[in-house]
Amino acid sequence: KRLGFDEVIYGKNKSTNQLIDIINLYKNKNLNFFCTGLHPEKINELEKVFPDLYFSRESGTARNFAYPETKISNSVGVITAGTSDAQVAYEAIETLRVLGIPFEKYIDIGVAGIHRFLHYLDDLRNHSVLIVIAGMEGALPSVVGGIFAQPIIAVPTSVGYGTALSGFTPLFAMLTSCANGITVVNIDNGFGAAMAAFRILQQIENKND
Amino acid sequence: KRLGFDEVIYGKNKSTNQLIDIINLYKNKNLNFFCTGLHPEKINELEKVFPDLYFSRESGTARNFAYPETKISNSVGVITAGTSDAQVAYEAIETLRVLGIPFEKYIDIGVAGIHRFLHYLDDLRNHSVLIVIAGMEGALPSVVGGIFAQPIIAVPTSVGYGTALSGFTPLFAMLTSCANGITVVNIDNGFGAAMAAFRILQQIENKND
Amino acid sequence: KRLGFDEVIYGKNKSTNQLIDIINLYKNKNLNFFCTGLHPEKINELEKVFPDLYFSRESGTARNFAYPETKISNSVGVITAGTSDAQVAYEAIETLRVLGIPFEKYIDIGVAGIHRFLHYLDDLRNHSVLIVIAGMEGALPSVVGGIFAQPIIAVPTSVGYGTALSGFTPLFAMLTSCANGITVVNIDNGFGAAMAAFRILQQIENKND
Amino acid sequence: KRLGFDEVIYGKNKSTNQLIDIINLYKNKNLNFFCTGLHPEKINELEKVFPDLYFSRESGTARNFAYPETKISNSVGVITAGTSDAQVAYEAIETLRVLGIPFEKYIDIGVAGIHRFLHYLDDLRNHSVLIVIAGMEGALPSVVGGIFAQPIIAVPTSVGYGTALSGFTPLFAMLTSCANGITVVNIDNGFGAAMAAFRILQQIENKND
Amino acid sequence: KRLGFDEVIYGKNKSTNQLIDIINLYKNKNLNFFCTGLHPEKINELEKVFPDLYFSRESGTARNFAYPETKISNSVGVITAGTSDAQVAYEAIETLRVLGIPFEKYIDIGVAGIHRFLHYLDDLRNHSVLIVIAGMEGALPSVVGGIFAQPIIAVPTSVGYGTALSGFTPLFAMLTSCANGITVVNIDNGFGAAMAAFRILQQIENKND
Amino acid sequence: KRLGFDEVIYGKNKSTNQLIDIINLYKNKNLNFFCTGLHPEKINELEKVFPDLYFSRESGTARNFAYPETKISNSVGVITAGTSDAQVAYEAIETLRVLGIPFEKYIDIGVAGIHRFLHYLDDLRNHSVLIVIAGMEGALPSVVGGIFAQPIIAVPTSVGYGTALSGFTPLFAMLTSCANGITVVNIDNGFGAAMAAFRILQQIENKND
Amino acid sequence: KRLGFDEVIYGKNKSTNQLIDIINLYKNKNLNFFCTGLHPEKINELEKVFPDLYFSRESGTARNFAYPETKISNSVGVITAGTSDAQVAYEAIETLRVLGIPFEKYIDIGVAGIHRFLHYLDDLRNHSVLIVIAGMEGALPSVVGGIFAQPIIAVPTSVGYGTALSGFTPLFAMLTSCANGITVVNIDNGFGAAMAAFRILQQIENKND
Amino acid sequence: KRLGFDEVIYGKNKSTNQLIDIINLYKNKNLNFFCTGLHPEKINELEKVFPDLYFSRESGTARNFAYPETKISNSVGVITAGTSDAQVAYEAIETLRVLGIPFEKYIDIGVAGIHRFLHYLDDLRNHSVLIVIAGMEGALPSVVGGIFAQPIIAVPTSVGYGTALSGFTPLFAMLTSCANGITVVNIDNGFGAAMAAFRILQQIENKND
């Protein structure tokens, strides 16, 4: 339970039947669970079987418990380069919500129009952790990391085509960023970015007590 | 200066002559600098030109200032899977030292003999951040991340041959780890891992003040 | 017939019509055959044409003969890291069954919660061969191989996304494992792992006679 | 002769002996030639044989003719992200020189400290073509392309390590840049970038006549 | 507005619902927009919602404004190697049209029958910029670049199979072309090629004024 | 000690100084060790420091103990496709020797002259395990596996050039072999193949007792 | 017409509508054409529009002319390793037929059961060219090339999974074959193999006249 | 002996000592041998030991027999795109010589200056087989194959940098060439191309007798 949930289910590689079995198992054991990676059609099928679960289509998730009260006092800024990156942001945001972490979102402020990003400089400075989500060339974390001193968790997305390499180009770009001390999670892994933020925020809270 | 140094020089792609020019420039400007990625032979050459610099062969670094006093109260655990990974650990450790961050090192406690790692469970729990360094299959961060709740910064190394892919296999393994919320930096990037730890520790300290 | 079957058909790259032709051919020749790699929909179509065959949906296989009696006295342990890896385990298990090999299965005991695995240490020690199945970072065989002295056949699976590289990351990780003497088969190749176990078990039995 | 030279020799894959033969051939034919891709040591050897050639070590080039007078009225801005990218810039600059094209250079103004780049906004606006050279994550052309309307020729460099992939990461990043209408040349190909600028500038001049 | 449009939407990674939201937003703001990367089925759905938009199926684009008058006096030649490359050409052509740029198209004149290309030598010489589109081995730009002195923008396409590598083979071939000064855009990126031509043509016009 | 050695040192990624430290450590602790991956030049240097060690240049190994008596009654056949693959065979053979396992070697009997292999059919049938070593296209294990029923451990080597891909082509070929139940180890990993054979042979012996 | 057809159409990357336009064009010009790469569903649609064309589903081809009489006196042997490779063989065979070349086919005689191949040694010796088709590890051409002296055209197929890499593993294996003088065509390219055979056979016939 | 030599030795992956052993072995057996892949320095060492062998530095080969008389009446044209490709041509030519095959060479006539190639059209038409050697984008075989009807053996070379991918780009380009019936050998494999020509020429001669 240490890392925020009784159980987390990764839904992408599981059939609907496998998911139904696992969900029933956890419900029978009275365990709280959070499930990610659910394609809209899987959600449609699961919703018929489990009308009492909480589903979120924009983030592709399901859970069997209400949002907890905010348990953490410091906040996370969730930034995306483009509008196409938004669905990864929603997976991160939904995870933050079920962990009781406050957040603010900043969608579509990538480097092709750098003024959009510069407009939010003051807002962004207030967050304890910045999650920066970008596809294509993945340049935004470099700019953010050059300006801000907070922990930065970069999330490459599979947005783009050709040389975007399904997200490997922004992944590699973020890992070899000329801005120092940026860390990176797997392609499209909004869940993992939120969990990494949770690890940091817990540490901040603990040391404050 | 926000991120700990006046200037950082990445020495790997620069010739000795380029390095001499840059170092002279910074010395003339009275700037403090930290230089990484120095092959032992480059150090030999630079030492002749700049006998007053501080060189560290095991970490491949140089600097023109003494270690600062410890400025940070929380500590970092630096863990490696094998002995061959040690030189990446030394780059991280040297960076922590020049940033005034306390640390402890745990070398050669990888998963092939899981008891070695289990032996340090209590020690490791005391650190605010864990830097976990591994080459070959890069499995150690998964085990660490399944047991500990702190922020974990995984560093893949180029140790291994054949399918180790010069570090891309542990890199990819760490990014797709089944342990949640692990973040990753570039292959052999001990410096970046320490900088990421610095970003987190600063945040902890700031909120404590 | 030496390797356990009259004929093995690999069903994945064949159309249903090709499969019908081949099956009729073998039936007319009175040959026993085992067919793997059958997608559920292909099974549905084949079942209409051949109601007398034995189909197994969870393993994607078909055969025209009943399970043989157990011919081998030593057993195989079939281990998976996650629940998503189970279908590869079932292909291995079905192959073991048609070869008359006793087995035990251990599903979802991967490294992210190492206690799950440690719980079965005594059971696992009893098997003559261990088949260890894992996707994502593929770390489980390293831990198993560090603890047990038996032959270990590692099977990477295509479970995961992004840097899991459709199974190439666990494949490469298993091949470069820091545990010694682990051998590996193709991605998702439960059939091949069981056949490799069969080769070993036959050798044990032969030498015992 | 249409593209500026009688002959261009690519020196990288040729042995010193091959180069000597080719140079003698062209000298005997009274042809002007420009040779690129010369490692410093090859230059040392060639210099002994041909003391009358013009060698440039920082760009790795040789020629048998003096710089022509400036023949083009519009200029090129040559920008690099880091100091390590400078040697690619010098290959471009040397090529511009032998083509009689005016230029200005801007070294080490990459995105990790975006203020450095912003400082030159007015200067950069005056050039007819911008050559933007960057290694590592290759983010600078995206920022430049989002601000300026001129033709932008992006040159990825092999500077970096690990996920920089010897220049493939900045190459792919530049090709999938979210800034529109950026074009790209081969990794480290300063020569090709200058030639592309030449094609554009010639077109401008022609239409002006 | 500098680069020709109020807004450009990349339609490929966006769901129809996301597209409807964005289009409504821009319509409400009275902004002109151009949308690319629309699969025929998405166009069918959008056409029902927005009967007043201009759709082009052969180029996969949509816009909410009539073609502007031709604003540029110099023209672009759009060349393809095969008939299968035509749809990328149409994306380039549609972009040129909405930018008010005159053009001529030359479809299916690739190197396998070099006479087809040689037939158009005189026509091609008249254009200020040549966009050369080719899949498979991508050899056409090398031949064009060896004959013509104009700016050449090469566009690799995903036409082909096996070693065509979904366009990476022509991409790499174009970047390493033995013809000097060719520049390249992303695979299938007809839009980007037209934008690059626009940058060049604007520069020619400006200098003419 | 379970897997045959007190300690195994992998020498490739360690400097001579690191090796000297480790060897001294183990000698002081009175531990037996076996070291692999030693380049001839490293052996030259180590021999000067440790004249009492046993070095083997053809296998690139060192040890501080005499060969044990043969402890295992069943034997291993070590087969190579070409003469260039011999050095990988020697690493396997040296490992078998220090483990006390009897073996026979068959060098240069690859598929390009299939008669060479057919000549040894009867000899090969007597071994309990076959280690099959091949570079280039790696076809030999498929032929061996189609004829023999024993456990087969295939070792790809880095012999070859171009599309041999430093051993990845034979590696992939062996993993996707049409012969059933072949298992594979890392490229050039003669040590690992011998260890895998040891795991199997131990199992045979144990069950015999 | 030199290479056997008025026109060849590659159907894979073209839509049904594009194909209808091209076919009508060629019919109106009274040109003979041969079309390859037609998915069964495209054939169904084209058959409705052009009931007078000759379609072949097993080879995925169409033509508007009857088979010519055999024009060539020497024959081609078409060999496949497995039954799954048969459809590539049919593309080669259909091409040979429309070129008037005699042939013999040998399906499913791959190396996993080397006796199947050895059975046909005498038959195979009679052909002037051997086309050898194999997926998975692609070992068959090495064995054929070691025994026979004729020209051998190897065709890798996309049959297999995981490390078969959609045909790149047999492609690379065939190119690095230890049998000398084997040549290779693109993955699944039965058409190209037949055309290469045609080039050779024409040369034989010409020199005989 | 069927394929022209008693023995062929591939020298690249063998140490000088290994080579000396093998050469002595063959000399003692009175076998004729041909050795390829010899680096100039290896030749220097071997020449001291075997002053009676015939060495060729430009092709990197050695043999212990004089050139045979020309045994074949038809000739081979050996074409290269650039001067840097010449050393691969020399390996092919030396192999043709020891096989007694007449040939003509055409160096540096690649597509960047298509007139160079067009100049030799009539000469090239006379050869029975064309070996076409090219690095970088590898476009020359496509142009040759579109014009000539003879068998064409394309040889990609490792000449180039960056996206030339050490020869994989011309390799892939040649395999996916839009000219029909071109066949390909491994990167830099001049030897293999000559052997493939030998297979074809033998067939022509045989049928003529």
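Remarks
Labels for the chains are A, B, C, D, E, F, G and H, by order of writing; each one numbers its residues from 1.
Everything that follows uses one rule, which is that contacts are C-beta pairs under 8 Å (C-beta built on N, C-alpha and C of every residue); 3 or more make two chains touch, one makes a residue touch a chain.
Please read all numbers here as calculations on a predicted model, not as lab measurements.
Any chain bridging chain C and chain F, meaning touching each of them, is among B, G; the list is complete. Rounded to a multiple of 5, the C-alpha superposition of chain D onto chain G involves a rotation of 180 degrees. The chain with its C-alpha centre at the largest distance from the centre of chain D is C. Inter-chain spacing, taken between the CA centroids of chain D and chain H, is 35 Å.
The mean-CA centres of chain D and chain E are about 26 angstrom from one another, to the nearest whole unit.
The distance from the centre of chain B to the centre of chain E, with each centre set as the mean of the Cα atoms, comes to 46 Å. Chain F has residues 82, 160-163, 171, 175-176, 180, 186 in contact with two or more other chains.
Contact between chains, as defined at the top, is found for A-B, A-C, A-D, A-E, B-C, B-D, B-F, C-F, C-G, D-E, D-H, E-G, E-H, F-G, F-H, G-H.
The residues of chain G lying in touch with chain C in their complex are 82-84, 86, 135, 159-163.
Listed in rising order, the residues of chain B touching chain A in the complex are 2-3, 8, 74, 128-129, 149-153, 171, 175-176, 180-186, 191-192, 194-200, 202-204, 207-208.
If you check the complex, the residues on chain G that touch chain F are 81-82, 110-114, 136-139, 142-143, 145-147, 160-165, 169-180. Interface of chain B with chain D (complex): residues 10, 12-14, 18, 22, 37, 158, 167, 171, 186-189.
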